[in-house]
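Encoded as structure tokens, the structure appears first; notes follow it.
Order as written gives the chain letters A, B and C; numbering starts at 1 within each chain.
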Amino acid sequence: MLLLLPVPVGADHRDVEVKMRRTGARRWTATAAATMGLALVLAACSGSGGTTPTTGGTAAGTGSAECADYAKYGDLTGKTITIYAGIVTPEDTPYIESFKPFEKCTGAKVDYQADKQFEQQILVRAQAGNPPDIAIVPQPGLLAQLVATGKVVKAPDAVGANVDKFWGASWKALGTVGGAFYAAPSGASVKSLVWYSPKTFADNGWKVPTTMAELTALTKTIASAGKMKPWCVGIASGEATGWPLTDWVEDFVLRTAGPDVYDQWVSHKIPFNDPKIAKALDAVGAIIKDPANVNGGFGDVSTIATTAFQDAGLPILDGTCAMHRQASFYAANFPSGTQIGPDGAVYAFYLPAESATDKPVLGAGEFVTAFADRPEVQALQEFWSTDTWANLKAKASSSITNGGWITANKGLDPANLVNPIDKLSATILLDPKSEFRFDGSDQMPAAVGSGAFWKGMTDWVLGASTSSTLDKIEAAWPTS
Amino acid sequence: MNVADKFLVMVAALLIFAAIIGLVLFVVALLEKRGARSVGWFFVGPTVLLLVVGLAYPAVRTVVRSLYNAAGSAFIGLSNYTTIFTSGDMLVVLRNTVLWVVITPFVATAVGLLYALVVDGARGEAAAKSLIFLPMAISFVGAGIIWKFVYEYKYFDPTLANNPRQIGLLNQVLVWLGMQPKQFLLNQPWNNLFLIVVMIWIQAGFAMTILSAAIKAIPLETTEAARLDGVNAVQLFRFITVPSIRPTLVVVLTTIAIGCLKVFDIVRTMTGGLYGTSVVANEFYTQSFTAGNQGLGAALAVLLFVLVIPIIVYNIRQLRRAEAR
Amino acid sequence: MTVIGQPLDISGVKPAPGAGGSGGSGGSPRREPVAAAARRRLSRPWATLTAIVLAALWTLPTFGLLVTSFRDSKAINTSGWWTALTGPFTLDNYRQVLDTSNTQSLAPFVVNSLVITVPSVVLPVFLATLAAYAFAWMRFPGRDMLFVAVFALQVVPIQVTLIPLLQLYVQMGVAGTFWAVWLSHTAFGLPLAVFLLHNFMREIPGDIIEAARVDGAGHVTIFFRLMLPMLKPALAAFGIYQFLWVWNDLLVALTFAGSSNSVAPMTVALYNMTGTRGSQWYLLSAGAFVSILVPMVVFLSLQKYFVRGLLAGSVKG
């Protein structure tokens, strides 16, 4: 029976086994050591800087003048507040910086975590009973879903008062679900912008349009000039493909039908396939489904669906496209070193309305949502809703990421903004004549706003008719 | 936690595990000495426990959840299932899923087997195998980008002087051959095949690794005896190699097939499930996590469970056949 | 087409097959008959050609990404990588990925990846081997049905387990720690592990086991002294696969542990690196290669266990 084992004849099987195990073990140890060694070398090489912020747990900075404003939050030494967001590098650093005075003066520690799966993960965490203290929620629709899990706590009264003071009723309504106010606004972005190259316009004698009619005329002019296509559009974004077109439609509903119809549309008081919406969609189609107008730098109309939204505006730099309609945050997609400004390689103008005096503005923003009501969490919420924080954040963004962040907080001092696009956006946003409306798809139920609307737009640009597209989206609106 | 703490926790976990297993096996050895017969349960115990808690219970919960509405508040019976089967899009989704499950295992296994055989015993076998293994190592995120640079489309107008240069390898080849570049991921229904190619590219490494181990387990005497009998390479393959590794082949085919049922990352990152490329797993993810309709998502997951039944039946048959031998 | 490499010499007093190297490329004395050797030499060119063609086809796309990772972002979008084989190259992408002082350096994430992966490989491999042995060679009531149930559980998508398991971990108090990730990975890896290892176990001839039992060896002894040594290629094969799966995992770690740098693995850090709106996606090309190093090392070092002939000579007697 001993011969049954794989042994060299004449050797004892136990010796062999022991040797096998020893060589095996030795080899395994070697492998393990090599792997760990390699990984640790890799880790060591990856930068000596960047230790985790270990501030916090320090005693409150009592008594100093700069901390006088923070005295009302009390002594929060040793307390930690966890924040979870979808805002990752590099925009997360200004957030972390903006909380430092709060941490220093109250002694609390703010633990900021973020990842790009935020929108799915926050729902999972809320439902499973493992939510963060505070989440930065970018859509009112998502806020409603979170409130439905029953884990969100109402905002403290002080926060409500700040929102009344610095934002106004429409923004407060966005953070309200079922009559209760939950989430104060944080940052904002402006979407009614058209990117262009000032130099190209100047060279060709093209003027920035101030009405829709002028925009249509300009489109025709550029198309017939033959040097480049007037518009470049790209909507590919993985599973979110189609979302840029939802912005187009929303902008046009605001302009062709007006803000009141917009509100009815978003809250489903009128059906999705209402003739007014169809008219707006057709107006969009007149621009972007016309092969003469698109797709600058990419090819025919179908490339709209396959071009990544991040790449879509780049042909402006090459001179193969004249205009790209996209939000203020698009600035981050231009190669580093690109001059962005009225005299630079690329800039943006406000997407005009029917008349030069109307100023509907489509935009988006984030909302500070709390899942706990401990004193330190409420203190941070309150701090977050003040103008102090808004200015701290603006300054931090300006110095760390060259701007790229604005807020609709009326206490924001525009002097803290350095980026030309930020200044433009802030001017538009804070203009008392502007009619601000929050992105529609972000407010609609997820089945539509993060599903049927996106898909519908993609099918539409690939050839589906306006009516069948709108009918399909309307059918997807949840009945409950 | 600093580095040292993390490693300490890890070592502690391993030690605790070793202790638990040691205890279990000690009990088994004791029981065997006392003449106990069915100690098998101790061996499978920990596994079964983890599986019941970690997979079986969630699976049962899913089946139950599929009978409720989106928010989980009202019982709606089989309503979600009717929604699935009356949706026009769903037929396309099912067709695609079947394509994935049928094509990928066979092609990937064929490539993996061929390669494993061909490099078996050759000089530099490890390096050669690592080349086929590389796609598995690179993760779906990397794979998505890699194939973006194969399929990417830039327009080509022969009437223009300055066409943009192609950045997708496949389209560049087409242009070199004087043909028009194509939007591979857009044009139905072939776009499905182009996505399936990515999965084959990844899974061949898995097939190769497992089959390589199986080939090396073929007893030398069998092959030597056959060679001495004057068998050529192809006959060796057909009559010795394949029958010997047949159980492993079934295992590999099954595993890849089940993997294809579940995978949606490729579809999601490369086409977002659009242009008629969606598969059941992708729809499941969309409904559960993006559209917030967990009832419908659960129903789609149950559909996956049902689709795996033929594969399971096939495996049971193979197992019975093997046992009877 | 050649199937076997040089046969291992088992007649001399040599150490265990493990030292023979993968595929016997070492210098063991040749003893194969001349005719077989001649036949082998004749068919080898075809084998080599096939191998080269397949390897080239398979590696080409990845090679493209490698070249891309050394190119600057604007160049990537305007010309194909095959036009840039001789440059211009830049190390910027790698610098950004490795030297990131955006928020945190990659170091803690690499450590986390290691700490997550090792137990997540060791535990399922070991538990599955035990279970597979029981399914293959032990008799107990309900064995066959249980086996089918176990491998059928492979089909359960991980996403349906996220909320139930997270709720459980919250109650246990381990949510957000490594323990949650280890337990989850172990549970998720078990069905396939049991399925694969069972298959390899069955290939071991039953006579050996019978003989050992006749000699009075208990199952525990047989398992440790007979099975484990003979299963090295199988353990290596599955170990590689599980290592890879855990190393590249994003979802499980993110859900059960979170994204803070005290627990999140490298995959999270690399994914986040593309920026909030994914505008820096070209960093993924460098990131993919950075994260591939450790799995490749593991793969190459575990190749040593892919030895043949562990059953050589075992069928006699």
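Heads up, the rule we're going with is that a residue touches a chain if its C-beta (ideal position, glycine included) is under 8 Å from a C-beta of that chain, and two chains touch if they have at least 3 such contacts.
Since we're looking at a predicted model, the values are computed, not measured.
For the interfaces A-C and B-C, the C-beta contact count is higher for B-C.
At the far end from chain C, in terms of centres built from Cα atoms, lies A.
In whole angstrom, the spacing between the mean C-alpha positions of chain A and chain B is 33. Each chain gets one centre point, the mean of its Cα atoms, and the points for chain A and chain C are 37 Å apart. A straight line joining the Cα centres of chain B and chain C is 14 Å long. Each of the following residues of chain B touches two or more other chains: 164, 289. Residues of chain A found to touch two or more other chains are 237. Each of the following residues of chain C touches two or more other chains: 77, 108, 111, 250, 262, 271, 281, 309-312, 314.
Chain B meets chain A in the complex at residues 69-71, 153-155, 164, 183, 185-186, 268-269, 271-275, 286, 289-293.
Remark: chain A residues 119-120, 123, 145, 148, 236-242, 297-300, 302-303, 305-306, 445-447, 450-451, 455, 458, 462, 478, 480 touch chain B in the complex. Across the interface of their complex, chain C is touched by residues 1, 3, 6-7, 9-10, 13-14, 17, 21, 25, 28-29, 32-33, 38-41, 43-44, 46-48, 50-51, 53-59, 61-62, 111, 114-115, 117-142, 145-147, 149-150, 164-169, 172, 201, 204, 206, 209-210, 212-221, 223-224, 227-228, 232-234, 236-237, 240-241, 247-248, 251, 254-255, 258, 261-262, 281, 284-285, 288-289, 298, 301, 304-305, 307-308, 312, 315-316, 319, 322 of chain B.
The touching residues of chain A, when paired with chain C in their complex, are 1, 3-11, 16-17, 19-21, 23-24, 27, 30-31, 34-36, 38-40, 42-52, 84, 86-93, 96, 111, 113-117, 121, 124-125, 127-130, 237, 310-311, 314, 329, 332-333, 335. The touching residues of chain C, counted against chain A in their complex, run 10-19, 73-74, 77, 98-108, 110-111, 113-114, 162-163, 166-167, 169-170, 175-176, 207-208, 211-212, 214-215, 225-226, 229-230, 232, 250-251, 254-255, 258-262, 264, 268, 271-279, 281, 290, 293-294, 297-298, 301-302, 304, 309-314, 316-317.
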